[in-house]
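Letters A, B, C, D, E and F mark the chains as written, and numbering starts fresh at 1 in each.
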Amino acid sequence: MTTVRMDQLSWVEYARRVREESPVVFLPCGATEQHGPHLPLGTDALLASALCEDVAARLAGLVAPALSYGYKSQPKCGGGQHFCGTTSLDGQTLSALVRDAVREFARHGVTRLVLVDGHYENQWFVSEGIQLALRELGDGHPLRVMRLEHWDFCTPATLEAVFPDGFPGFALEHAAVIETSLMLHYLPQLVRLELIPDDGPAEFPPYDIYPTRTEWVPPSGVLSSARGSTAEKGARMAADICEGIVAAVRQEFCR
Amino acid sequence: MTTVRMDQLSWVEYARRVREESPVVFLPCGATEQHGPHLPLGTDALLASALCEDVAARLAGLVAPALSYGYKSQPKCGGGQHFCGTTSLDGQTLSALVRDAVREFARHGVTRLVLVDGHYENQWFVSEGIQLALRELGDGHPLRVMRLEHWDFCTPATLEAVFPDGFPGFALEHAAVIETSLMLHYLPQLVRLELIPDDGPAEFPPYDIYPTRTEWVPPSGVLSSARGSTAEKGARMAADICEGIVAAVRQEFCR
Amino acid sequence: MTTVRMDQLSWVEYARRVREESPVVFLPCGATEQHGPHLPLGTDALLASALCEDVAARLAGLVAPALSYGYKSQPKCGGGQHFCGTTSLDGQTLSALVRDAVREFARHGVTRLVLVDGHYENQWFVSEGIQLALRELGDGHPLRVMRLEHWDFCTPATLEAVFPDGFPGFALEHAAVIETSLMLHYLPQLVRLELIPDDGPAEFPPYDIYPTRTEWVPPSGVLSSARGSTAEKGARMAADICEGIVAAVRQEFCR
Amino acid sequence: MTTVRMDQLSWVEYARRVREESPVVFLPCGATEQHGPHLPLGTDALLASALCEDVAARLAGLVAPALSYGYKSQPKCGGGQHFCGTTSLDGQTLSALVRDAVREFARHGVTRLVLVDGHYENQWFVSEGIQLALRELGDGHPLRVMRLEHWDFCTPATLEAVFPDGFPGFALEHAAVIETSLMLHYLPQLVRLELIPDDGPAEFPPYDIYPTRTEWVPPSGVLSSARGSTAEKGARMAADICEGIVAAVRQEFCR
Amino acid sequence: MTTVRMDQLSWVEYARRVREESPVVFLPCGATEQHGPHLPLGTDALLASALCEDVAARLAGLVAPALSYGYKSQPKCGGGQHFCGTTSLDGQTLSALVRDAVREFARHGVTRLVLVDGHYENQWFVSEGIQLALRELGDGHPLRVMRLEHWDFCTPATLEAVFPDGFPGFALEHAAVIETSLMLHYLPQLVRLELIPDDGPAEFPPYDIYPTRTEWVPPSGVLSSARGSTAEKGARMAADICEGIVAAVRQEFCR
Amino acid sequence: MTTVRMDQLSWVEYARRVREESPVVFLPCGATEQHGPHLPLGTDALLASALCEDVAARLAGLVAPALSYGYKSQPKCGGGQHFCGTTSLDGQTLSALVRDAVREFARHGVTRLVLVDGHYENQWFVSEGIQLALRELGDGHPLRVMRLEHWDFCTPATLEAVFPDGFPGFALEHAAVIETSLMLHYLPQLVRLELIPDDGPAEFPPYDIYPTRTEWVPPSGVLSSARGSTAEKGARMAADICEGIVAAVRQEFCR
């Protein structure tokens, strides 16, 4: 077997590889969150996992089981917590989950760990979990941790090509062209293009209101139209992201 | 699409089904834990998920994304925390994870939830998470939650057939005949029969010692030999388990 | 004074003994929980304490004050949380209590600690507390901790004698023959044999339901009849348990 | 049986009394803490329990099992955490313990609960636990909770008689005349008068230093001399305390 | 007195105003964090407080005492946790602080609360605190909470004027032109223009590394040069921010 | 700049001073709490800060930003949690806040830290936070922490002069002569002498009741009359307190 998936390896094989090869371990951080009528609830974990597998394949790395539940969806980036199906964790739960996982990878002897975030709302609580684990491990521990959102590795040229009318920014890219195209690339059987709504782009004021002003969010949950999504665009972005992460890992962890 | 996997459904479809069909939702609770040289680290989540999908298919239910990380492995039932690859959570983290998930399913309008445990060590912390969520929801809330370990649904006749020399009890059935046979039934490509060790049965005294007496545990991590595992045995046990859970759900939730 | 009870010793005497004799310290872990109409609410802590005192007397050990409150009663092993009088802790509270106590014994210089559990539901949260304390203390700390449920030390021969019609297993032994006999041995004035109900044996399905299906549990709270309990049976079991724990301690801590 | 001890009652009897008599329930809050060479480590829980039993007997109340571990000993009132034998809880642990217990008594239907503190350091964390439980129970819940330190019920006349040279204040009364005399009254077999040291009175500046300035505290742990302690003084103070608590309960809970 | 500062009002006056005027209450959320050699450590709380006071004055609102400590500084937006002087909270601490404060304002009868964030890193943990409090308060509670970062209210025209060479984005605006100009407007005596370093703009890769790559961050802590800062620019931005928040409050809370 | 206020210093200057001068750092611990009709809600933080600044000026020390929110007000010392305007933290929140701050000062290289408490209810939770931080830092860490309530440094002679009719004790000194006089000394513009009520002295029984017996507390929130307060008395007490703290710091930290 030449799988990159940690959950498909025996511990004996995993241990041998950690000991002999010091592989980079990737931990996909997803969510269970509404992604409009055309994308599945698992989009964030599925994409983060698929990208991690691609990257790991190029780096002889390993991919740990994804965190399938993430931090609470916020209206401006994920539609908000009022959607049925969105299944979220408290911030402290997510941070503890990450802290525990990082502590364990450190115990295994992993020294190069990459947390790949596919859910915008996760990032601060994931970072906190990493920092809590590193505090516990103490100064001088050899573990190094990279954390990233995958879409940040799309190059300007690609974004220009994907958004011929101008890239509206990542803010509204929830269940929109980037995620839909990436899903068409990786998991087209889970995309229902015919159900893409005409909603969006959502317009948000420069503040948040709690309890959520649900009227700010299109009822479909789509913050910006996914029209124009194609598998080719997805492939191009996936290539950027994978190359970008590969380069980043080489830059930071392989010198 | 006729998937039972929640992460493959759009929120619109999920919401429609919850509203119109009040489906039973299954949450597989697994672990990332050594399972000897012949089974993968993800065995517990993979099996719990596979069984949930089978059960859900018969009940028109849904399967939520598995909890892929579980409570700390203990020597007598999972080999212990000294194995490389075993990646575990603190008890409080797991309970919080379950509490948050249950709270969210309640918000969705789910009233029938089944947590299917594939990792023995999880059970008390999963139960605690359920109880914490129900306390929050308050008396009178319509949510009903079932919690189970899947192997408990093997019938005596099946256990007799699977263990012609006598069933040694579930205690040592870690990476042994039950799990190996179930994996041969569901995911044979992840089983490496040729690597089954001759270890076991482990013998444990009627007490625990911390820090772990690692010498109590076979170095392979297998507590009882997996020899004699077959896909047929796996199929028979899977049939029992699925029928058993279906019957339990009908008994408890469908009257 | 030749007491084994830590709470009856002055700190000066305790410190001298810890320093000079390195005594094994026993921490009884009980509960305040219904035990049917014939046994008192404090049964679990009272029995665990009594057994610890017997064991400690033979080993020149010490017995710390019992934890008198334990984890939430579960229907299948303690009747459940719907009984008036059952007074239980959240899992995190119990784990924190144990963690703090273990941390303190370590500070005292105690290197051999035995947690004797008299309440089935405690075990995982007690284990978690021990593991959290040991993580804090760090690798290389000399403290060794044993954890056990006392009834597991009854020998097969004794169980055969105590249950002439066949031992039904520990599962239903709540407020039944084992606990009642042990109480008749240690604290007969607290047993009201005339109130033993005819309930049981309770039959439970292989799953849990939350909120508790109270109709599964006999209204008396007794899961299996206590009829046939005698002080003699109690004495025999107590002898087994004490000898077993003494032997375990000698095996693990005294070489 | 006419015991006031909840742990000696069956749940059936306890439930009947709660239902029919609405008894006042007393929860003694103690500690395991050095009390000089002449008093045992369990003094705080033992005295709080003994006083509660006396009070409960007069009020047809009940006494729950004592909290035998308390908050960290502080130099100025308990000698500090550097003494061997002192076995203390983190503040959050103690507050959670109290919160859980109060929540359970509320579930039982108890409406009058008295927490009797025998360890000065407990008070704020016990109060916090009560307040956390009441917040959970919500406005309008019938539970009323009294909290007190027992020594505060000694009358001025008694203090004058007990301290003919002038009462130095409760601050230094750790393992001193009040506690020693009360122990001589209730548990004389645990007092070793011949070991009373000549230490004290300790003098403390109006500030705390962490880590503890252990040189501030007499090596015996006694903050003020216990010389002059007698069972008669203990009896007089116990009478004051019991009468005072009885009157307080009548005043607050019985109108 | 016509102060808007809650800490300068008596409770009687505060209570009267809450009862009679239902004022909008502003809670400034700052930090104690390095802001280069030319700005003080308290910049975030000082600016958030000053802006809140200006806004409150126009809306007859009130300003609660600032949270002076914030979440951990991150390299890309605040320089990182390796700077001496930066004094930060764990995420859970900050969320609890906000949750407790929101719970209390709700108890006061405040129904319109605005959390004004002056420290970029705070936002997710502040949001979590708000959401935790609202969950506790329950559906149907009248409290509405706005949360914002103040700089987001600068208009495009203002940003164009302030940055004649093009606005580099908020990302690097730490201790740079925006904060320095606002400080020159509000608290010029705390700005040391002569110490503005030539550092920056810092260039960061699209990922984070833990432990912090301190070499990514200019040793001064300034991520982008503050040169060109003037009190006039500060006044113009302050005017924008105040007008923007006033308009937002009127839009959301005053209809 | 010769400020003692840490929030007014740049990190560069702060770091230089910590490195070169090892200054004593003072952390004022206040509250937002009713102080009758004549004193502002911020009294505790304002006074603690003012006193810290005076002391720091004499010792070339530094004053960190005050903790402006404190532990829950209790009836007997702060009037209780039923007052509008009182804005309090849970005990665990305050302890975490202090723990985090102490951990950070330790990271800065501060070795002499003084927490000056201006809110009676804070003390135990502040102490717990200090102890939690020191446990984390480990034995042998050079940080030393002093903790105090400022009023404890008034000399007997001063108290005699301030209270010519006899000092009633600190217990009832909430919003009374000490705090009012100190405010008249430091912040007279925030005192409204004409609104001093005639309430008090409050009389409390030797126990607490939860939920709060609000009828025990004067409706004004003043536990003892503030009549007779003068700026001169405030100046005298402030002088005592400052001299006392200066002497304490010299005694403990400067030898």
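Everything below uses one rule, namely that a contact is a pair of C-beta atoms (placed from the backbone, for glycine too) under 8 Å apart; a residue touches a chain by one contact, two chains touch by 3 or more.
A quick map from chain label to UniProt name: A, B, C, D, E, F = Creatininase.
This structure is a prediction, so every number in the text was calculated from the model and none was measured.
The contact pattern of A-E recurs in B-C, the pair among C-D, E-F or B-C where over half of the contact pairs coincide by residue number. Each chain gets one centre point, the mean of its Cα atoms, and the points for chain A (Creatininase) and chain B (Creatininase) are 26 Å apart. Remark: chain C (Creatininase) and chain E (Creatininase) have CA centroids separated by 54 Å (rounded to whole angstrom).
Taking each chain's centre as the average of its CA atoms, chain C (Creatininase) and chain F (Creatininase) sit 47 Å apart.
Looking at chain E (Creatininase), one finds that residues 90, 92 touch two or more other chains.
Viewed as a contact network, the protein chains form a single closed ring in which every chain touches exactly two others.
Read around the ring of contacts, with chain E (Creatininase) first and chain F (Creatininase) next, the chains fall in the order E, F, D, C, B, A. Remark: chain F (Creatininase) residues 71-72, 74, 81, 90-92, 95, 121, 123-125, 127-128, 130-132, 134, 144-149, 152-153, 205-211, 213, 244-245, 248, 251-252 touch chain D (Creatininase) in the complex.
Residues 1, 5-15, 18-19, 32-42, 45-46, 64-69, 83-90, 92-93, 96-97, 99-101, 104-105, 107-109, 190, 192, 195, 220-221 of chain D (Creatininase) touch chain C (Creatininase) in their complex.
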